[in-house]
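Right after this note come the structures.
In the two complexes below, subunit A is the common chain; its partner is subunit B in one and subunit C in the other.
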Partner chain A sequence: MKRMMLALAVFALIAGSAYAQGTIKIGGIWTLADITGKQGSAAAQMAVDEINAAGGILGKKLDLIVVDDEGKADKAAAAVEKLATVDKVDVFMGGMGSGAELGKIPAFKKYGKVVMSTGAAGSVTVEKALGPSPESDFYFHIHPWDYNQGASYAEGWDAIQKQYPNIKIRKIFLAYEEGAFGKSSWDATKILFGGDNRYIVDGASFKSALFGGGDYTSVLEAAKAFKPDLFLWAGYDADALPLLEQSKAMKFSPGIYLGAPPGWPIGFGSSKLSRNVMLYGMWSPAMNDNNPASAKFYKNYVAKYKEEPATYFAPLSYSAVYILADGIKAAGTTETAPLIKALEATKYASPLGETITFKPSNIIKHQGITRQKILQWQGGFQEVIWPFEAATAEPVYPFPAWK
Partner chain B sequence: MNRNVSRIFAALFGILAIALPLFAGDYPLQVARNIMLYMALAITWDMLLRSGQISFGIAGLFGVGAYAAILGVIRAGMPAWFSIIFAAIFSGVVAFAIGFLILRLRAMYFSIVTLALGEIFRIIIHNLHDFTGGPEGVVMQQGVIFGGSAGKLYWLTLAGLAVAIAASYWFEKSKIHFALTAIRNNEISAKSSGVNIFRWLLLAFVVTSAIQGLLGGIFVQSYGFATPDTVFSADFTLLPLAMALLGGVYSTRGPIFGAILLGLVSEWLKLKIPYGHLVVYGIIIIIVILFMPQGLKQLVRQPANKTDRRSA
Partner chain C sequence: MVVKRRTAIIAAMSIAATIALILWKPTVLIYGLQAAGLYAAVAIPMGLVLGIVHIVNLSHGEFMMVAAYAAYSACKALGMDPLLAIIPTAIVTAIFGWVIFQLTIRRALKGPELNQLILTFGLAIAFTQTINLIFTSQTYKIPLDYVSASMDIGDITFGTWSFVFVAVAIVYTYGLQFFLTKTTTGKAALAVGQNPRGAAIVGIDVYRTYGLVFALAMALVGAMGALFLTKSAIFPGVGTPFTMKSFCLIAMAGVGNIPGILGASVLLGVAENFLRAFRPTRDWAEIVFFVLIIVVIVGRSLKGRKS
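And then the complex of A and B:
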């Protein structure tokens, strides 16, 4: 009898330690051919490695399994199915484009595991497809929705004009790519800037170079004729340099020249065309000077991958892993209900320069960041202009005339 | 004997395809759905190619069907299953109307116009913002068909594929085959033999477009949304084309083999080389098209020909 009890105790010890040595699996889905997905997944892996080096979570190691969604809805759905049924992941993370995210949502709903979403700003489709609480409570959306971004820009420009009286904006022209991203930017701009006649707003669409376009002559002609104080373009990284080249050729130099692509071309800062171009974003290496979390992230990323993080999706994905890890630690499990409850108490001081918490948005219950930043390319670097508490430089105004 | 063996194989393959949800997990079913969708599109592209007309309009008609189905549900309150049939009818009617204009064109002129059609449909959807949701697209509030059941969605896509295969065999085994082949070989001699060229081309164009619309309907009902960038994506033209070329054109079997091979290779590469699989995938397609212009059929035929020569 004693021998049997001893054997049972040994078995329980071995089984217990084997369980403790197990892994917590995170299923990451990104568009890996895109810089946002490539660097986002790399930053997430870096966070996983850091957490594992510090002993893991609940005595277990984290394991990030990355699958490419190729930016397509059907491939994205297959990625969720693979991660849920073959790899049996505990939670999901990742995402960038709204189209691919829409493909994932039916499968996400089927499995009901916690999702930490780092992209998909399209509220008209993605937020609507998720639906209200409690149906969508599993979904934690860290990236701001399009209307969050629009509202923060309106707030930012009001504040900048108040702080710097020499900057005066009355007329705004938006050149927007003709897809969902550009159209939602245009809709938000009309309402947030054009509402109550606060600003005179006009705009025109163009076909992004990313989708076979690249001729901006007509949209720039329309903008030049409108004589805007602020010229904003909402497109992709592929549009950045050709738009500036054509603006230079047409000698179009508005008071503020602003771009809002999700990421900038690598090496854009070294181009003379980048001088004093303003941009919307969430993070810049310039923030390292006054944000220790940003400095730590940047230093570790460059050391590990021998390249600079060129998109805010890198620190965003890095933050997403830490938020998930903290939530799992607090919940003591990866079970959906307790994990949701633990994540609702999140207060994570991120490298993005703000403490991430989750609050309800227009439809879903768990919205993370709601504010973007206004930055400016100065001397080849992105400097933060607003919010002032995160500012790293004064704005250079007006945008210099082309020589 | 050979024909009997191939029939037995086809029957076994059919039974396996129908029974797959009974033993396969949700992931293989999702991959199979993706492959079957592109396979069906590849077959429809090949069906029209048998007349000598190279169409680049697959994504256009697929997108038209997708929007017909989702707007049928959202704006007209159609049941989900009926919206798929409506998508096929609507795409067929659109193809019938435009067929009168474009089927008088030949060779690259026809190809260019079909390519432009897809873009025209996309621009129309973009600009009818209040009705179609514009560039941002539309979402079905009631969710996806069959509550997202993996098995039922698989069978739905399989049904779409079965329609494409049945239509393709009808084209192969009926007098349509002779008419389309005669048109492809020499229009003047076909006409002098009494073949009504325009009528047969219109039939082929309408039937293939209706099936492409049906598949578009199945796609949106499976994912619960439609955006112009997604449903008019060039992938719905280029991938079926590559699959048909890989498997071998002018037959039903060629696109089937091509789709299975490319679909499985694509998924396998994605898992094995997450950060570079698209480059490898592209290189494979280029190599196959360069060195096997007649597709995999060439591989099967070459050894058979050698055997024939030896026995002679």
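And then the complex of A and C:
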């Protein structure tokens, strides 16, 4: 009996010591074939490595376990199951497309662990599926919802017109890809810009090159006939250069030429066609000059991966890891309830140029960033035009006529 | 006599419709023809394979995608223009196509048609995933000044570069007609396509001919891959929609009818652009494709039953 007690005591000691020296597991789910997922997961790993090099959290190392959801809802749901049951992760993070995120939600709810979401703007689908507090309190959404983005664009253009009286926008034309992304952009644009009759809004759909299209002539004809002050297209990176080439061929040069794809094609900035094209985004390397957090992130990322972070999903995922780590440190545990409480007190000065805190959105309780930025391609770089406090350049207006 | 009269009526109606479009909405005709050129130039090599080798190659669009990536890699490595990559890409794709044919498709030719479909579908997935692994799903595009070449006629300004696809489609159509009817190899291919057993009896090496025709079709697709790179961004899934579109155009034209593919493409391209030109019908352009196929196939079935 004595021997048995001794063995149990030794076992408890070893087990306890192993637990203390163990790891805090973060389950990361991204679409790895896509640049946003590839660089988002790489940036998250960089944050994990930095935290571990500084001694970890609560005496434990962080361990990021990455699973590819291939951008599909079923694979994303399976990824949550695998991470929760096989890897037994403590918290979840990641995400980009709303479709894949929607697939994860039932499993997220089942396991009830804290989720730090870096994507999914679709409020009608994802936010609705999450539901109101308290059932969705485990979900911390750092990326803005689509209505947050729309509202910030409207705010931005109002501010730009006030600041630069030579920029006058009355007529807006939206060329939108005919899928769910484009259609939701069109619905939001009509409400945000056409709602109070301050702007005259028109639009037409096109089939994105991503889905076998790539002929923009009809939509550009319609836009040219409308004579917009602001021409905005909502499609994918595959549409960016061909759309500009066809615009040039048709000599279509509106006052403002703005693109809103989730990412831009590699080398877009080096093309002459990119000059003075405006865009929506959250981050640009140009912010390194006036944001030390951005400069530090950029320098470390380039040093580690020998490539530039091409989209804002990299600094966003990097920030997500630090927010989680700070929360776990403050809570002293990864248990859901105390961790939620600790994360609610987050004030993280991110490389994205703003301090991330969590406030209620239309449905959920924990919404992080709500504002997007208006940028412009100038000399091959994305310069921030608005918000003015983060601006890195003055806007070039009007978009020059094609030569 | 009846056929001649019908042909004359169709020709007269086509001319009348063309004149009406030129006067009323010239851009419908311009962009319709440009779209038709692209559709036909991709579909014609598939028509050749289907007409002679009798297989529905569900990896057709993926062969074009692989060729476009090969051309892109060559352009980036050597700093060359995609136009200069057309012939080397065609040769490389022909060799690649011949190897794929000998290693895989040839083995399935005697099997049920379902096996061929599954095999080529599998090839399509393998090509897409391999390219995805190597290049990721990120899109690539080579910016080129000449693709923005334009022309002004009155108030209308339109791009002219896409007419290159019309030229290619015409060259493919008449080039293949010439090859199949005037050259010994072409005549042998035609004979194999019409009656493989009979062709074998008279001493034609059927499988060699199949391999040759497949390689030729892949060379044409390869050339299109390099040319496609001038106009479009490329990514692993870029070729997939062209497989289905090409197959449907062949179904509209009738198997073995290469000039018919050109005609079907013009009908499709102009109809799509016609609908896109008007606000209420803009979103219907994608449906016209399926409507035309249903109308043509049902019409052909009814005609067959009557005769």
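Operating definition for what follows: the second predicted complex is superposed on the first by the 386 of 403 C-alpha atoms of A that agree within 3 Å, B and C clash if a C-alpha of one lies under 4 Å from a C-alpha of the other, contacts with A are read in each partner's own complex, and residues count from 1 in each chain.
We take it that a contact is a pair of C-beta atoms (placed from the backbone, for glycine too) under 8 Å apart; a residue touches a chain by one contact, two chains touch by 3 or more.
Everything numeric in this text was worked out from a predicted model, so none of it was measured.
Once chain A of one complex is fitted onto chain A of the other, the partner contacts of A:Glu178 extend to both subunit B and subunit C.
By the touch criterion stated above, A:Lys38 is placed in contact with subunit B and with subunit C alike. Of the two partner chains, subunit B is the only one that A:Val66 touches; subunit C does not reach it.
Once chain A of one complex is fitted onto chain A of the other, the partner contacts of A:Ala107 are limited to subunit B, with no touch recorded for subunit C.
When both complexes are overlaid on chain A, the residue A:Asp74 reaches subunit B alone and has no touch with subunit C. When the two complexes are overlaid on their common chain A, residue A:Asp215 makes contact with subunit C while staying clear of subunit B.
In the superposed pair of complexes, A:Gly122 makes contact with subunit B only, with no contact to subunit C.
Under the contact criterion defined above, the residues of subunit A that touch both subunit B in one complex and subunit C in the other are 33, 38, 178.
Those residues of subunit C that touch subunit A in the shared complex are 27, 31, 34-35, 132, 136-141, 143-145, 147-150, 157-161, 231-233, 235, 237-238, 240-242, 245, 273, 276-277, 279, 282-283, 285-286.
Those residues of subunit B whose C-beta lies close enough to touch subunit A in the complex are 25-27, 29-31, 33-34, 37, 126, 133-139, 141, 143-144, 148, 150, 219, 222-225, 227-230, 233, 235, 267, 270-271, 274-275, 277-278. For subunit A in complex with subunit C, the residues that touch the partner chain are 33-35, 38, 178, 204-205, 207, 209-212, 214-215, 217-219, 221-222, 236-242, 245-246, 248-251, 263, 265-267, 270-273, 402. The residues of subunit A lying in touch with subunit B in their complex are 32-33, 38, 66-68, 70, 72-75, 77-78, 81-82, 84-86, 98-99, 102-103, 105-107, 109-110, 122, 124-125, 128-129, 131, 178-180, 182-184.
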